[in-house]
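Only one structure is covered here, and it is reproduced in the block below.
Chains here go by letter, A, B and C, matching the order in which they are written, and residues are numbered from 1 within each.
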Amino acid sequence: MNAAEPSARRVKRLLGRSAWTAGAWLAGLVFFFPVLWMALTAFKQESDAYTTTPQLVFSPTLDQFRAVFASGIGPYLANSALATVLSTLLVLALGVPAAYALSIRSVRKWRDALFFFISTKMLPVVAAIVPIYLAVRDIGALDDIGTLIVLYTAMNLPIAVWMLRSFFLEVPGEVLEAARVDGATQRQEITQVLLPMVAPGIAATALICVIFSWNEFFLALNLTSVRAATMPVFLIGFMTSEGLYWARLAAAATLACLPVLLAGWIAQKQLVRGLSMGAVK
Amino acid sequence: MRFLKTRRRRSVAAVAAALSALLPAAGCAGAGAVGGGSGSITVAIVANPQMQDVQKLTPYFERAHPGVHVRYVTLPENVARQKITESVATGGREFDVVMISNYETPMWARNGWLVDLQPYADRTRGYDPGDFIAPIRQSLSYRGDLYSVPFYGESSYLMYRRDLLAAHRLAMPARPTWDQVAALARKLDDPAHRIAGICLRGVPGWGENLAPLNTVINTFGGRWYDLRWNAQLTSPEVTKAVAFYTDLLRTVGEPGAATAGYTECGTDMAQGNAAMWYDATVAAGSLEDPSSSKVVGRIGYAPAPVERTRSSGWLYSWSLAIPRTSRRRDAAWQFLSWATSKEYIRFVGGRLGWSHVPPGSRVSTYRIPRYAEAAAAFAGPTLRAIDGADPAHPTVAPVPYTGVQFLDIPEFQDLGTRVSQQITAVIAGRKSVRAALSQSQQYARTVGRTYQRR
Amino acid sequence: MATLAPSSPVPLTPGGQSVRLPRREAWRRRLPLSPALLLVIIATQIPFVFTVLFSFQSWNLVRPHSRHWVGLSNYRDVFTDSAFRDALFTEIEMTVLAVAVSMALGVGLAVLLDREFPGRAVVRTLLIAPFLIMPTVAGLLWRTTMLDPVYGIVNFLLHLVGVAPVDFVSRFPMASIVTVLVWQWTPFMTLIVLAGLQSQSGDVLEAAQIDGAGPWTTFRAITVPHLRPYIELGVLLGAIYLINTFDVIFMMTQGGPGTATTNLPYYLYQRAFLGFDVGQASALGVVTVAGTIAVASIALRMLFTVFSTTEGRA
């Protein structure tokens, strides 16, 4: 068939293909460029970072990263990691049963419940921050990482329940029916049949939760100060004290983004699946 | 209604109990917790170069006071204000030492939120609170007692490039008026060589563009309120002053003026990109420091320009206070008395260089020979500017408030910021002076009304 | 209180007949749901109840002993506050622009990525990055290295083609913010639409080709209707997050210049933390929440098939 194709058409098709490739690459690079530039700037001396003509060629240095570490980024990273990991685990622990109750063996008003969950995501946190602050103060949990963990869990639960539910719906009913006929309890049905089948979906859900809790800024800013402060808070303080030092700022920003960036890249497939919500179920 | 009120605390507690029951980890501190030793104090500060020096030198303090460990919360000014106010006003107990200013101190002292520091200061040998520069000390006192101690103090003056003026065969009057300054700025403006005629703050914030602008409004004879709390922001005097300021900035000011604040103007001036700069007296320290400035030794210092008042400089002090809720008052005082002592000033000078000395807090600072030498160009103008500031009588006509570049009322943070946003809109060319001021007048009227009711 | 509740009196089995469960079974089914529901209610609804209570009080945090009940006067102030109206319009403009532009770009990029070409996986990897970046960093990054009037890259590029430097953030604040939001959310939209494209059955497309339909006709007649639920999902999720935009504004413009980029969350923040007027801020919050719910439930029901096509199993 190819041999029969007139050569002009083949050239045209080839050209079209290369234009397509070039276009896609260009788009990818344009979107990636700011991130790349941040990472490059982090390896520069200040004099190379602060120029009217951008310096693409420079002798890389680790000075900025050293300076960032010297300024005590460690505890902030640890707090961010703790808040992210624990809240994500909690979301899964609470979200899986909830999603089960909204899909496999659904409660009578599952639609209302689902709607309620998703509607809470639209409320501006700012509107409730004063009562939250006062309540947290009254239990003496200001500047406590536990507070962030609970709040991040509540913040991510709605989206997680929604995502998990759509993954659960993909599991063929016959499989679960068979398990039930075999006399599996509800717990066995979930842990031994359902969960292994939706493992990729759970990974996707976890990843989304990780992204949103790692990047959360407003609650962390308002409810923590030293002991429980997370990366975005560090960045804010660092920003002013190093206001005009772009290279150092870029190094701090790169470190702040790196964990989630890597996690997202590694788990790309799950991310894609997660965002498509198991084909909009 | 009463039912709700009495029930509130209990229901909050119930929520709390429910929250903590849901999470085994609740109640444990963050991963960054540092021991939690009995003497560790939390200090909330605004990120600025002088405070960074304090942080750098803190190990020496800790070595001398083995029982005390200091942890810092460093934040940009607006966030620091928000967090500190929130915490102190609600008794949040997060901080043992807070960095505030002469805006907050008298109000918060009146509210009973701060520890009276006078007994501590009198008791501490060699601390000598009488050494604090008088207007600064008064502005941090309530009923004669100090409620916060000054870390540094400042007024405002006009900094100008003597070499540029000489090259243009111009002279700076000993006590310039704003008209004279504007004329000079128009002659010195040189876009071809990237030199702005004058640098002024344009970025919104009651402590940003409103600080210099308010001194201009005052000296043009404008005021925020008359004695009966009627807002005066659309008066001819205020309109003229705002038009003058924004027009000067738009025609011969720095590029990107709407986002330029103290830091940006400082960079412009230090890099030789501005011929004049009207701003805080503390700026001189870095302008005369060869490591950060290209214009060392070429700056002249003139008093804050005036029109209808005798002086117009502002008065501001970053100071340290102890919230009433702190459980470690003694440790906190040890830190405070170290960071604001005579010895600290000498120590910074010797360790980090004399340009790092926090200026404007103590008279004795200006008697240190090495500092007097290093600050020869601006020490005199700085002291005179601080001495000349008059927060009780900021403008021509009498006013119901005190404060030069701010009004000493709790609503001013909000009001000032909203007004300053309007001003920035004018500077960015998005609004007319008239429209911005009539909107500002509305804001001011709402606040004024709450004072008229009393 | 703060709920979106579409009317659905009876659950439907896939077969369509309504089922009435025995009471015991109904409770057994509710059990797994309750911890999650409880936490979300405690963390989001109870604070809101307090917000409602506070909204009937005059209470300024920095004026102690000022707290007293004032009835509806805070609400009167909200509705006569022109800055609130401005913030509302800013909010709508910002959300609609950001969602629309990022969805348009997302569809375009998804179509590009749907075809096999050398390095497709790499391009997709690069494209995801902005979505993973911390919004705080995104704002900082764009304000400094990208859009700075003197040292920014964009101005350097403009300079190459002979355009004078532009102070983007103060001259075009809304466009600057929307650019950053679009930059962050386009990858998200792309991925969702891409998933839709890839779930198209090859048979249908082939059949269309055999029937002599051109690529454009195929796209319009077959792909677009197929993508509809995916696009709706993307718009819905994007809007949910974008109406609460705060971090980027905080880092880039602080709501300015003037009030040009003060959206509702930012305006609320300023009222609560500059004015410390808890009563006023709470009333604002209540009005905002009520408005959001009204708009959201109408929009959700009118525009989206997402909820109507999903069915639970009995």
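Just so it is clear, a contact is a pair of C-beta atoms (placed from the backbone, for glycine too) under 8 Å apart; a residue touches a chain by one contact, two chains touch by 3 or more.
Since we're looking at a predicted model, the values are computed, not measured.
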Can you name the chain that lies farthest from chain C, using the mean of each chain's Cα atoms as its centre? B
Between A-B and A-C, which chain pair shares more contacting C-beta pairs? A-C
Using CA atom averages as chain centres, what separation in Å is found between chain B and chain C? 37
Please report how many Å separate the Cα centroid of chain A from that of chain B, as a whole number. 39
Could you give the separation in Å between the centres of chain A and chain C, each centre being the mean of its C-alpha atoms? 15
Could you tell me which residues belong to chain A and also touch two or more other chains? 134-135, 150, 153, 236, 239
At least two other chains touched by the same residue of chain C: list those residues. 35, 39, 42-43, 46, 50, 150
Going by the touch rule set out above, which residues of chain B reach two or more other chains? 12, 15, 19, 22, 86, 90
Which bits of chain A are touching chain B when the two form their complex? 74-76, 78-79, 81-82, 86, 90, 133-135, 137-139, 141-147, 149-150, 153, 221-222, 224-229, 236-237, 239-241, 243-244
What residues on chain A touch chain C, complex-wise? 17, 20-21, 23-25, 27-29, 31-32, 34-35, 37-38, 41, 50-54, 94-95, 97-98, 100-132, 134-135, 150-151, 153-155, 157-159, 161, 166, 169, 173, 186, 211, 214-215, 217-218, 231-232, 235-236, 239, 246, 249-250, 253, 256-257, 260-261, 263-265, 268, 271-273, 275-277, 279-281
Could you please specify the touching residues of chain B with respect to chain C in the complex? 1, 4, 8, 12, 15, 18-19, 22, 78, 82, 85-86, 89-90, 107, 111-112, 204-205, 255-256, 258-259, 410-411, 413-414, 417-418, 421-422, 424-425, 427-428, 430-431, 436, 439, 442, 446
For the chain C and chain A complex, residues of the former touching the latter: 2-6, 8, 11, 21, 26, 28-33, 35-37, 39-40, 42-48, 50-51, 54, 109, 112-113, 115, 117-120, 122-138, 140-142, 144-146, 150-151, 153, 156, 183, 186-188, 191-192, 194-196, 199, 229-230, 233, 237, 240-241, 243-244, 246-247, 250, 264-265, 268-269, 272, 278, 281-282, 284-286, 288-289, 292-293, 296-297, 306-307, 310, 312-314
Okay, in this complex, where on chain B does chain A touch? 9, 12-13, 15-17, 19-20, 22-23, 25-34, 42, 44, 46-48, 52, 71-77, 79, 83, 86-87, 90-95, 263, 267
